[in-house]
Amino acid sequence: MAQGALREADPELQACIDECLICERICLETMSHCLELGGGHAEAAHIRALLDCAEICATSAGFMLRGSPLHGAVCAVCAEACERCAESCESMPEVDQQMEACAETCRRCTESCRRMAAHAASGLGAIGSPA
Amino acid sequence: MAQGALREADPELQACIDECLICERICLETMSHCLELGGGHAEAAHIRALLDCAEICATSAGFMLRGSPLHGAVCAVCAEACERCAESCESMPEVDQQMEACAETCRRCTESCRRMAAHAASGLGAIGSPA
Amino acid sequence: MAQGALREADPELQACIDECLICERICLETMSHCLELGGGHAEAAHIRALLDCAEICATSAGFMLRGSPLHGAVCAVCAEACERCAESCESMPEVDQQMEACAETCRRCTESCRRMAAHAASGLGAIGSPA
Amino acid sequence: MAQGALREADPELQACIDECLICERICLETMSHCLELGGGHAEAAHIRALLDCAEICATSAGFMLRGSPLHGAVCAVCAEACERCAESCESMPEVDQQMEACAETCRRCTESCRRMAAHAASGLGAIGSPA
């Protein structure tokens, strides 16, 4: 069964889905946090980076959960958005625990999505295909 | 065909889907606008109201497009979120064209969703059911 | 700081966010699984129940992560969608491991969302408010 | 004001946002339609193509509405997903009005997103930047 194979045989895919959903969650949380802090933390570019990251992480997880043939392409863009979000968090005037944790999670998601994108581009990444 | 019936027979449902998608769009646009303006326009409660409205409008449209039996309940919450968003826009220190248009769209969506929720609660709202 | 209070002081809210995101994930996964199985598993009402549940779970998590005043109302609808999804999974002609796990997750999310909705309705649920 | 410039000065961007939201809507509608039809129309690959298209269209619109620097990259993937969805609709055993309309909308969105991606890649696409 293609789907059974998907779920059991590809721990890297499962890990990437998890990273994306964890990253979406912390970005939405950090956005609320930064809006509460106000000032430089609520500036448009930073909130945009957080929302970009949250939205593409959710989309990326969706493509992987559906076993979509385009999941690699979405992961590639997701990696980019995660990296920019990490940089935005780290560039804040004051980087508190929340922003540190957010940046760290984004960097982990970047790496996971990059591996997934490379894997898919190499032709080994057809989800559910025989090994 | 249930779905054919859905699409042809219920102009009110189609109109409500449209209102929700138009409202989602203008709320996301207004959020960007308000973040750019900064100051009171970027305060947490206002951005939250805009994002709440955008997200539940998208969800509401999704439930109606799927012909879900719970669409009435979602529309009821959506109406509430739209109304609060309109109030938040109107309470800004300076209400420019963008915020005026957003408030107006939210009020239209409130009314449309309220009718849809009442319709569903009355038992007449089973999507795709015979008239 | 309101947001700090939110994150540290309300383990029940955090747990409900987690339940919603876990439930969204398994519903999307189960939908793919059921479409692969085909036949009765791919019938419109079942796929609709899974998509309804996934979408409102994501929305519910979003409202809680933003600390929105309407999170209780969204959780109430979410509880309903989760319960219907559990019933739909359990009513399948053959209930395999995936559908069993999905039903169980949905029931846990139902309970968590119901508590959250009751909490919010009791007036104790203003997120970030002093105890 | 950057945002004012965005909204007034770039009709192509506005048109692409509209195409994406229209495409999302018709894909969700067509998915319900195809699930109701059942048989070949409800096969996993087709439903997946429709959901992929709907989800990335929504994301693409979100990136453009936020004026995100990554909107071009998202539009490029969106164009691909729209094209695959159009092909999937056209490959159905029986192509009725709904699927015809869906394929047509997807093709229009493909073109619009491709122009947007090329525009962004050429360095002219920084949203809100001076012409």
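For this structure, a couple of remarks:
A, B, C and D label the chains in the order they appear, each numbered from 1.
Just so we're on the same page, a residue touches a chain if its C-beta (ideal position, glycine included) is under 8 Å from a C-beta of that chain, and two chains touch if they have at least 3 such contacts.
Note that the coordinates shown come from a computational prediction; the quantities given were computed from them, not determined experimentally.
For A-B, the equivalent interface among the listed pairs B-C, C-D or A-C is C-D, as over half of the contact pairs agree by residue number.
In this assembly, B is the chain whose CA centroid lies farthest from the centroid of chain A.
By count of C-beta pairs in contact, A-D exceeds the other of the chain pairs C-D and A-D. One inter-chain figure worth recording: chain A and chain D are separated by 21 Å, centre to centre, where each centre is the mean of the chain's CA atoms. The distance from the centre of chain C to the centre of chain D, each centre being the mean of the chain's C-alpha atoms, comes to 28 Å. Shown for chain B are the residues that touch two or more other chains, namely 32, 36, 48, 62, 66-67. Of all the residues in chain D, the ones that touch chain A in their complex are 48, 51-52, 55-56, 59, 62-63, 66-70, 73-74, 77, 80-81, 84. Listing the residues of chain A that touch chain C in their complex gives 1-3, 6-7, 17, 21, 25, 28-29, 31-33, 36-37, 58, 61-62, 65-67, 98. In the complex of the two chains, the chain D residues touching chain C come out as 32, 35-36, 38, 42-44, 47-48.
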